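Would you mind keeping the following structure in view while I ask a few things?
Labels run A, B, C, D and E following the written order; every chain starts at residue 1.
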Amino acid sequence: MSETVLETRNLSRHFEGLAAVDGVSLSCRMREVHAVIGPNGAGKSTLVNLLSGDLRPSAGRVFLRGEEVTGFAPPRISHLGVGRSYQKTNVFLPFTVFENCRLAAQSRLGSSMRFFRPARRYRAVSEAAMRAIEQAGLHRQADKPVDTLSHGEQRQVEIAMALATEPSLLLLDEPLAGMGAEESLQIVELLKTLADDHAILLVEHDMDAVFALAGTLTVMVNGAVLESGEPEAVRASRAVQLAYLGDEHHE
Amino acid sequence: MSSDILIEARGIHAYYGASHILHGVDFTIRRGETIGLMGRNGMGKTTLLKSMLGLLPPREGNVLVRGSDMTRAAPYRVARAGIAYVPEGRGIFPNLSVRENLIMAARAGRDGRNDWTLDLVLATFPRLRERLKHGGQQLSGGEQQMLTIARALLTNPDLLILDEATEGLAPLVAQEIWRILHRIRQTGISSIIVDKNLSAVSAISDRNVVLVKGQVVFEGDSDSLRAQPDSLRSWLGV
Amino acid sequence: AKSDKVRVGFMLPYTGTYAQLGIAIENGFRLALAGQGGKLGGREVEYFKVDDESNPAKATDNANKIITRDKVDVVVGTVHSGVAMGLIKVARETGSLVLIPNAGANAATGELCSPNVFRTSFSNWQPTHPLGKVMVGNGHKKAVFITWKYAAGEEALASFAEGYRAAGGSIVKELFVPFPNVEFQALLTEIAALQPDAVACFFAGGGAVKFVKDYAAAGLKQKIPLYGSGFLTEGVLDAQGEAAEGVMTTLHYADSLDNARNAAFRSAYRDAYGTDADVYAVQGYDTGLLLIQALEKTGGDITDREAVIAAMEGAVIDSPRGQWTMSKAHNPVQDFYLRRVENGDNKVIGVAWSALEDPARGCSM
Amino acid sequence: MDPTIFLIQLLNGVQYGLLLFLVASGLTLIFGIMGVINLAHGSFYMVGAYLAWSLTQALGSFWLALAAGIVLSVVLGMLLEWLFIRHLYRRDHLQQVLLTYGLILVFSELRSILWGDDVHGVAVPAMLSGSIALTETLAYPVYRFWLSAICVLLAGLMYYLIQHTRLGMMIRAGATNREMTQSLGIDIGLLYRFVFAFGVALAAFAGMIAAPVSSVFPGMGNQVLILCFVVVVIGGLGSVKGALAAALLIGLIDTFGKVVEFELAGFQVLPELAGMSVFVMMAIVLLWRPEGLFSRRLR
Amino acid sequence: MSHRYQQIALLVAIALLLVFPLLGDRFYVQFVTRMLIMVVFASSLNLLVGYTGLVSLGHAAFFGIAGYIVALYSPEAHAAGFWSSLALSVGGAALLACLIGLLVLRTSGIFFIMATLAFAEMLFYLFHDTSIAGGSDGIYINERPILTIGGWVPIDLSNFVHFYYLVLAFAAAVILLLRVILQSPFGKVIVGIRVNEHRMRSIGFDTFRYKLVCFVIAGALAGLAGYLSAVQFGVVNPEMLGWHQSGSVLMMVILGGMGTLAGPVIGAFSLMMLEELFQSMTKHWQLLTGVVIVLVALYLPRGLAGLLPARPAGNGELPSAGSSASRSASSNTASTGGAPAGVQDRV
């Protein structure tokens, strides 16, 4: 078995009485896509936010490669090799696609308290940015400001930025939402190749993509894990069908 | 005859600043019709909708709403003509509670019809009932999407425009939305649907319009669309 | 190239809160010169004006404008003490002649005194100093003093305290209101609780109106007499209305001052400008008189600095406020009158202190 | 401090706080809810006071002046919105800052041209001119009580309007997403014109009814402006409840700041530095709750 | 092509500034000196407002404190050393910025505006209400600092022409410094923070540190301006750190055009010259100033600098900075107006 990159133990987050995430324990390995699905409001995004440091857990612990990182702030988590995308597009709208990714790549310089050498002279940074842009299939749009892109294209930028920080663990919150059928397929292919040397936690409602990618599948309902395991086994679960999949997906 | 036409767009040319997005698009929707609007990312679907809604007045061409020229009319006038819009990427009001989001614009339809009441939408989206007092910004992505749809329904429109309305919805809820759309269709309400789930769209639409680079390349029913698999691949990538 | 005209610069506020004061001063000054056919020592006069907005932040800039750009022979300015500081600073560097027609900062004729700087109005030390003697004379031995928390207020308080203690009174409490806050209610309550024999204060303009009205509305006026530096009731009696009746103040002038000089001045002023003269107009007028005397002595030569200065130092001004002379530190030695508001007018009751001279502390001239 | 005096000081603080609330309430509406930073708010307050003065003289009655003043200020507000403000909703907030700063200059000069730079007083209307004795020496003007009552009334009214009516919801919605609000069939342009005018009228009204107690003078608008912003910010954006609480807090701080003294490291801290007290208060609140006391998130 | 004209115009402007003292008389030389000081001040604020998106209404605190420091540091009777007093003033301003920054940077949007105002006003009242330094009337610097390099006095600060060139050199240095910084990785980070701080954090930038450093740099540069301003005429008063001062420099930045290096220069020059011009025309000159400001706000969304032809992208200025001022309006709404910045919780 490959190395466990991410592990949570009994992770919980409450919002004034509402248990958005409730005692979730899961793990994510290198070279694996771990898909998390569940009804709307099940707590998937909240889980991702807990893992990326955007939110602090109310209880429970998070480990990255065995080191505890519970309650770390996002910049610190990011520097531990975690990249994330947002469900609601969250990018630098006035900047070009390239500048968005260049900025993300620049964070790998360590400190950006560098005042005198022009940023564009950092070749490695620009190259990393271009790589991410190509992977996300945006090379044609590289020099367009993001706010002139269509909704679907902006969703692609979201992924490119996560990639540009060259993470080893990717947390993707509904990366395919808003993308067209063709782009969706492209991204699925991309995730397949990325899975060769990344650990990926994928939250997605597109079941075709989920079943095409997932090595492990976890279903969350009301903040808690309902079922977790091999995708086929989970799919067969009656509880999962009732709570989430509906009739279309039980063949 | 013309009273039958809800929106008629003629020769629309739309721009964002200097970039020319729509190149002479004609589009019509009649009472009771359901239209699937298709095209890849960035082909101009949203732009076309915005042009018709007064959110992005076209530089050339005309938009007639129920027979009167509303090319440059304020968006609220178009909406008042019985047209509800569910924008892509959700347009909830983060600073209003769920309840306030719902009732702020709720009204009876033009003909006094009041099919969609607060109780009915809450019964349709039970998740929202649980969240009534929460602020809009506290909702999960899918809950926000439900809220946008529910809010549109509460204006009891004659024409419902859904731009990627099922984005981020769990399959069960998405199925529920399609069921509702079928039901709405039966009550004679028109809709324009943009959605990446092509099979679901074509299952409900009377007519489909395919956009490529800001031009209409196809218009016809779902069967004739399916009959052209090659073109389909080049237009839509499937 | 200089013309043969005398170049007079007004650096005064023409906009903002003190705009009226600036205008009155200029009017007074011009009226004085009008008595000489508009000439100084026989020479034509050319005027320059800079609006200082009473803004200390722009003070040096404006001073610089009038002194180095317009190259005036003498500057008449200004109203606001902070602005005057800036003006004096520039004047000390350039050696220009400055006549201060209002600003009362003690330092101007104290630590910062300078041969080329004269004041024709008063120092902040002066107007409140005689109050103490008056109040003790009226049997008020325990007083509260209230003012804005700013330099002028503190200077007024210090000199009041000096005079009051010397006369045998004691200050129960000193109360301050942050400048330019005009919410006095809390302090009025405090005064009511302290129950002093009398209250003395230093306010002007909008604050003076509000303070006097609030004082009366709180029912204090009937029980605890109110005294103040004369500015409390200058130019604002209309706005204060009924509330000001009976308030006693000390100042170097009063509109109703009963002497021929004043009567003539007031009627000339009304004829010339259509409004009534006030203390600021008098100060402007006296500034004019001072300059006239000096240039008469030098035969119109203003470039002979030392002669001009000597002439001014020896001047005796026959002013509507009564006769006054220049102290060694260049501040007026003048009478202070006790006034009481009666029927909307500052009625002169008598001389509170005659020939009062500012101690000019820190001046080594 | 003996208890009677303490209670009276409390009353003073509350009364001042309520007056502050009244001035700030228009700002809450325009800034907190419509999202327009209106630096000219203080100018409307000043315009109100001058209107009260000149109209009382012209019409001979404070009450008539009040009525006429309200009408005039609503008209002024609508005109300004139509001429200037409506072009700025979509723009950077700093453009609004620039524009309304320009308006401050314009209004202060127009005032100087129209009404001069004198200080004026407005008489308290006869029916409210009495006083109520609180202690042997101290009385409280009836007019101040009336003022407080009006402020409380307006606070209640605004709270209801904004939180519980559909109109209030529409206004709040428009602040975050104009396009969407329009697409729901709401004429946000017209709505905002009225709201802005209402905000202007509130400021002017505050100036009018404050005129008899505060006197009328040129710099009065600028003096009150910063305090209003402090109120709105401490209270939390767009919260009427918050603005009221903040105004009362500031009223009390200001009142007690002037009279209570205590020693800190051998220094007499207050009231020597009473001028700072409001800002110290604001800094503390913002550090403790960076989004104000009643921010929306907490509602 | 237009870019070329711009370069020529720039060269001409520089040449004019260089020879100006030879043509102008004392007053005008001192006036331009003051404008140049304001250029430094406005440019420092622009770093915060235009580039980092931190709108400060208390920037005069640093300007004023530096002035007070030289004034208090200068002995009564003889001159202070230029370098030591400069270092002390600028260092003091930077230290103050660091302290205030640590506190105010916890807030954002309008709350940040008000928090900066609060601290500046505290300082204002401290100097206004106490006798630390002359109270409301302010204090003097009796003797200007003296600039020596190993016993040699190359520049006499009391000589207005010398002083002019000193200030001109400082202004040029500050603009060049900002230009370099903005192109650097640090510059890219602060611009990113303006546009979307939340995402900056999530891609790995500890934004607080960058904002703090930026705040300190801006504070130090404002301190430099304050030092020069205090030395120019030798008077310091509380107004120097009052909110009117903060407000007027903010207006210069917005009027000139935020987020461009040219903006504050144009803003400072045009506002001061306009005032000068109008003042000579009418007593109600503020009316004219007001009208001009209103018109610029209405018709020039990018400020006066927006009148300059846009530079070709990738050439000098940040392509994103100036041109995005209006576009980023919607993202500003989130932080300044409607939804509190805490939407971080909702993604």
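Everything that follows uses one rule, which is that a contact is a pair of C-beta atoms (placed from the backbone, for glycine too) under 8 Å apart; a residue touches a chain by one contact, two chains touch by 3 or more.
Remember, it's a predicted structure, so these values are computed and weren't measured experimentally.
Visitor: Would you mind checking which chain's C-alpha centre is most distant from the centre of chain B?
Guide: C
Visitor: Centre to centre, using CA atoms, which chain is the farthest one from chain A?
Guide: C
Visitor: Suppose each chain is reduced to the average of its Cα coordinates; what separation in Å results between chain A and chain B?
Guide: 29
Visitor: Using the average of all C-alpha atoms in each chain as its centre, how far is it in Å between chain A and chain D?
Guide: Once rounded, the distance between the two centres reads 48 Å.
Visitor: Please tell me the distance, in whole Å, between the geometric centres of chain B and chain D computed from their C-alpha atoms.
Guide: Each chain's C-alpha centroid was found; their separation is 43 Å.
Visitor: Go ahead and note the Å separation of the Cα centroids belonging to chain B and chain C.
Guide: Here chain B and chain C have centroids separated by 75 Å.
Visitor: Could you say which residues in chain E touch two or more other chains, in rising order?
Guide: 125, 128-129, 284, 286, 328, 330, 338-339, 345-346
Visitor: Hunt down the residues of chain C that sit against at least two other chains at once, touch-wise.
Guide: 15, 149, 178-179
Visitor: Two or more other chains in contact with one residue: find those residues in chain B.
Guide: Answer for chain B, listing residues that touch two or more other chains: 94-95, 138-139.
Visitor: Spell out the residues on chain E that touch chain A in their complex, using ranges where they run on.
Guide: Chain E residues touching chain A: 180-181, 183-189, 192, 195-196, 198-207, 209-210, 213, 319-320, 323-324, 327-328, 330-331, 344-347.
Visitor: Can you list the residues on chain A that touch chain B in the complex?
Guide: Per the stated touch rule, the residues are 15, 37-46, 87-89, 148-153, 156, 174, 177-185, 205, 207, 243-249.
Visitor: For the complex, which residues does chain E have touching chain C?
Guide: Touch residues, chain E against chain C: 25-28, 30-31, 34, 125, 128-129, 131, 134-138, 140, 232-235, 237-240, 242, 244-245, 279, 283-286.
Visitor: What residues on chain A touch chain E, complex-wise?
Guide: Residue list for chain A touching chain E: 45, 49, 52-55, 73-76, 78-79, 83-84, 86-88, 90-96, 99, 102-104, 106-109, 112-120, 122, 145, 147, 161, 164-165, 173.
Visitor: Can you list the residues on chain C that touch chain E in the complex?
Guide: Residues of chain C touching chain E: 14-15, 51, 55-57, 59-61, 64-65, 68-69, 81-82, 85-86, 89-90, 93, 105, 107, 112, 149-152, 154, 178-179.
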